[in-house]
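Across the two complexes that follow, subunit A remains constant while its partner is subunit B and subsequently subunit C.
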Partner chain A sequence: MAACRALVSRAVLPLHYHHVCRGVMLTHIREKKRWMKAYTLIMERKRKMEGPPPPKPRSQQPNFDYHAEVEAFSARLQESFSLELLKTAFVNVCYLRSEEERRRALGLDLETTTLNLKDNGELCVHGQQFTKAFLSDWCRGSFPSLPQEGVAAIVGHLTGSEVMCHVARNLAVEDLTMSAEFPVPDEILQGTFFAVIGALEQSSGSVRAGLFIRDFLVTQLIVKDLFDMWKVVDPMGLLVKELTCKGIALPEPRLIRSAGASTVLPLYFVGLYSDRKLLAQGPGETVLAAEEEAARVALRKLYGFTENRRPWDYTAPHEQLQKPSAQALTSE
Partner chain B sequence: MTARGTPSRFLQSVLHNGVGRYVCQLKRISLIFSKKGQGSLGVRDFIEEGVVDFAKNNPGTVVYISPQSCRIPKIVAEYLNGNVKEETVTNKASQEIAELITKLSNQSGLDIIRIRKPFHTDSPSIQGQWHPFTNRPPRLCIVFIL
Partner chain C sequence: MGCLLPQSPHCWQWATFARSWFLIDARMQPPGKIASMCSVRLQGKHKPIYHPLSDIGDHVVVMNTRHIAFSGNKWEQKVYSSHTGYPGSFKQLTAAQMHKKDPTAIIKLAVYGMLPKNLTRRTMMQRLHLFPDDVLPEDILKNLTEELPQPREIPRKLSEYTQEERNAFPMLWTPPEDYRMK
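Let's look at the complex of A and B:
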């Protein structure tokens, strides 16, 4: 065997010898392969040098049938979408552009190979308007004393790209999205999700679309605090404004409790009294911080956004939805 | 191993599933089997008998049947939160495979690791969490030096 290999010159190789690279030659034998260790080490080094392979979209991996997936998407959410509208909702402008460029680059004749796909721009705008209107109405309905900026902040948070993309990814919208790049950028995913809501509204009506938004977007409010979503710089000023509007006496802050004033972790409780009745009390490390926190607690109580409020009733399908889009669209 | 050596998580659900509507978390299930191998006999029997009923009962899950030349038949389940679970079903009976598939369809895609607490609540306190100052009578100039 060794003598055989010694006689082989580089120019002429017998049929069953194969140079993989410098240092590894494959010969077909049935025993333990001598080239295996060298080959494995070279492949490991190559893999470590190149890093992990780029992620591939699910549609390019084995076992993916687009039509079946779209049907399953609509069945899974217990909604009956019109499949045409739903497929249009997933097609983005960037995908159409990249496809046309690819076809042009391949030298295909533009007239015979135009894409028959419509993009989701209209559906996206429609869905966005409907979602914002519905969520504003819902907020105003369930928190009637919340001012306009608060409602706008909550709606902005729920329709912002973080929350929308989180919901879209966990509903498998990313698998079905047709876009130019992968992983799908946040704005495009958000736009696709709005388009899906728009498609739902056009297929099944605004009541069903409202229920969909309630079940998937309003649930994202569950453990959130009001002032995480709404940045209020001066809670005391806002509280004074609210109380003057209602005609209640202005709040007077009083130090209620204090502990460890001379230690590194002092604790002060400040209570806000209006007309000698306690509005709210809040803790803080310094007296000023405690006063601000007390103002925030008072605002939360006023707007009804406390932690121990009654949770929203998701079982009642129709009574709580009172003509969502009409009011908001006329008022805005 | 020990609890600290193995991963653990809290009881949670994907996207507060069940609060609004219940969404079946299994999105795709692929049966990979061989047409002639003896390990795939159970899978082939299941495909003859039970897979169509399963697909009819779960319209939200796409079932892919892919016969390949493989020595070990597999079931690959993909969930909505992105997790992929592979189970080998070599030499399993058709009934066992049916039960396994029902189990996979009832799971959410979260990892099967130790759950720290068997309960979770979003509103842990109704009347306000107790702290050492609750229910203490506020007298004037009460100051605790700790």
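Let's look at the complex of A and C:
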């Protein structure tokens, strides 16, 4: 027993010990097999030549029951999905096409073996519209002074393929999607996730679906900076526009601090003053870069997207969602 | 309300790791106190991101080193010794003699002795700039960030007090009119 444990704890097992599975180790101890070394070395060389094996979808790995997995999916998210809608949401058009191709290739008669599956096109469109509307409302509610382009940029970022695929992969939507290729391409995965949201909305109502989007998509905004999502080319011009709309005096840039001006690594702090009061200050490598950064800081302060803003309260009940204007008044 | 500090990661990093240039006026200051302030800033110990291996010390420019003020009798009693290793080359100089020979040497040796005794010390000494008077070259003047407050409050000479302040000073006893002060 102790010898086994010592062998298991070694990084590489010696030649005649094989892990069959986690609890079982096979040992060829009775006599040393003369073919074992040659075989092991050839398999290693083959593995090195071919590289790692291609990824296999979860449905083709052992111990997979689709119906049970779909039920587990809905239980895990603590949502009551209608299972037919959910199963429809996971079926993509490309899958249906590839299935029909395969059946035709196998020579099966199309009339007797029609696929009774509907694809997730409508659910996808429905879910996408609902998600975008909900996210726009949420943005406008929590950042009332953010202009339309900013809201559109944030919503676009959150419904973009990167964020949605990241969330979908971690919620195991990729394992349940039925698509033609594996690994599932980003657009198809994004479409499937939208379809899941659409299915949720049709099964449990828009309130539950809204809470789902809040808990899984809005949380992806944490630690994100506004200008990472919204590319603004001229922050100073935008700031001047905002201040003229509000009727505040125009900003005047002033150099606050500088360090190492004649060295290779200078630092300048530029502050923007409107009516002799400090709006914001920002650092930069050159005076112009510092001024631009100061304008960005001022914009972040104006739109309420600073790092030290009050974080969104995810524990609050759903009445908050129905009254976005009231929430905007109470939040900072 | 809102945060006035920069938030995008690139600017944070640039501003946090930038090297500042401090100016200290050593007129009428004890060189030891000046040297300890310099050594703290040369090592980077005044920053919360300090680490001995990080090389985040700042530059320090000391001006008016010719006008430093030792307390007590140190100008005559403090001795700087050196030996090159060859026989007969043991030199001992009092602080006054050393200061006459090189007005920046006292502060330089003091800072050198206060820095950590490892290979980073020489780099830190390269970042220390000493000037005997308050004439600074233009490129150093351009680089300066901040002037540090002087460690010692300079006491005023009697000639710097106005007649009103001298009269207002409380006297222990009023001497008679024909009393002669030596």
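Miscellaneous remarks
Just so it is clear, the second predicted complex is superposed on the first by the 273 of 332 C-alpha atoms of A that agree within 3 Å, B and C clash if a C-alpha of one lies under 4 Å from a C-alpha of the other, contacts with A are read in each partner's own complex, and residues count from 1 in each chain.
One rule holds in what follows: a contact is a pair of C-beta atoms (placed from the backbone, for glycine too) under 8 Å apart; a residue touches a chain by one contact, two chains touch by 3 or more.
Predicted model only: the values in this text are computed from it and were never measured.
Applying the stated contact rule after C-alpha superposition, one finds that A:Arg76 touches subunit B and leaves subunit C untouched.
Touch criterion not met for A:Met36: it reaches neither subunit B nor subunit C. Touching more residues of subunit A than its counterpart among subunit B and subunit C is B.
Contacts of A:Val297 after superposition on the shared chain: subunit C is touched, whereas subunit B is not. In the superposition on chain A, A:Ser262 makes contact with both subunit B and subunit C.
Once the two complexes are overlaid on the shared chain, A:Glu285 sits against subunit C while remaining clear of subunit B.
Of the two partner chains placed around the shared chain by superposition, subunit B and subunit C are both touched by A:Glu307. Once chain A of one complex is fitted onto chain A of the other, the partner contacts of A:Val223 are limited to subunit B, with no touch recorded for subunit C.
For the contact definition in use here, the residues of subunit A common to its subunit B contact set and its subunit C contact set are 257-263, 269, 307-308.
On the side of subunit A, the complex with subunit B involves touching residues 62-63, 65, 68-69, 71-73, 75-78, 166-167, 169-172, 175, 214-216, 218-220, 222-223, 256-263, 269, 307-308, 311, 314. Contact residues of subunit B toward subunit A in the complex are 14-16, 19-21, 23-24, 27-28, 30, 59-62, 64, 66, 76, 80-82, 122-123, 125-128, 133, 136, 138, 142-146.
Across the interface of their complex, subunit C is touched by residues 225, 227-228, 257-263, 265, 267, 269, 278, 280-285, 293, 296-297, 300-301, 304, 306-309, 332 of subunit A. Contact residues on subunit C toward subunit A in their complex (touch as defined above): 1-9, 11, 14-15, 18-21, 59, 139, 142-143, 145-146.
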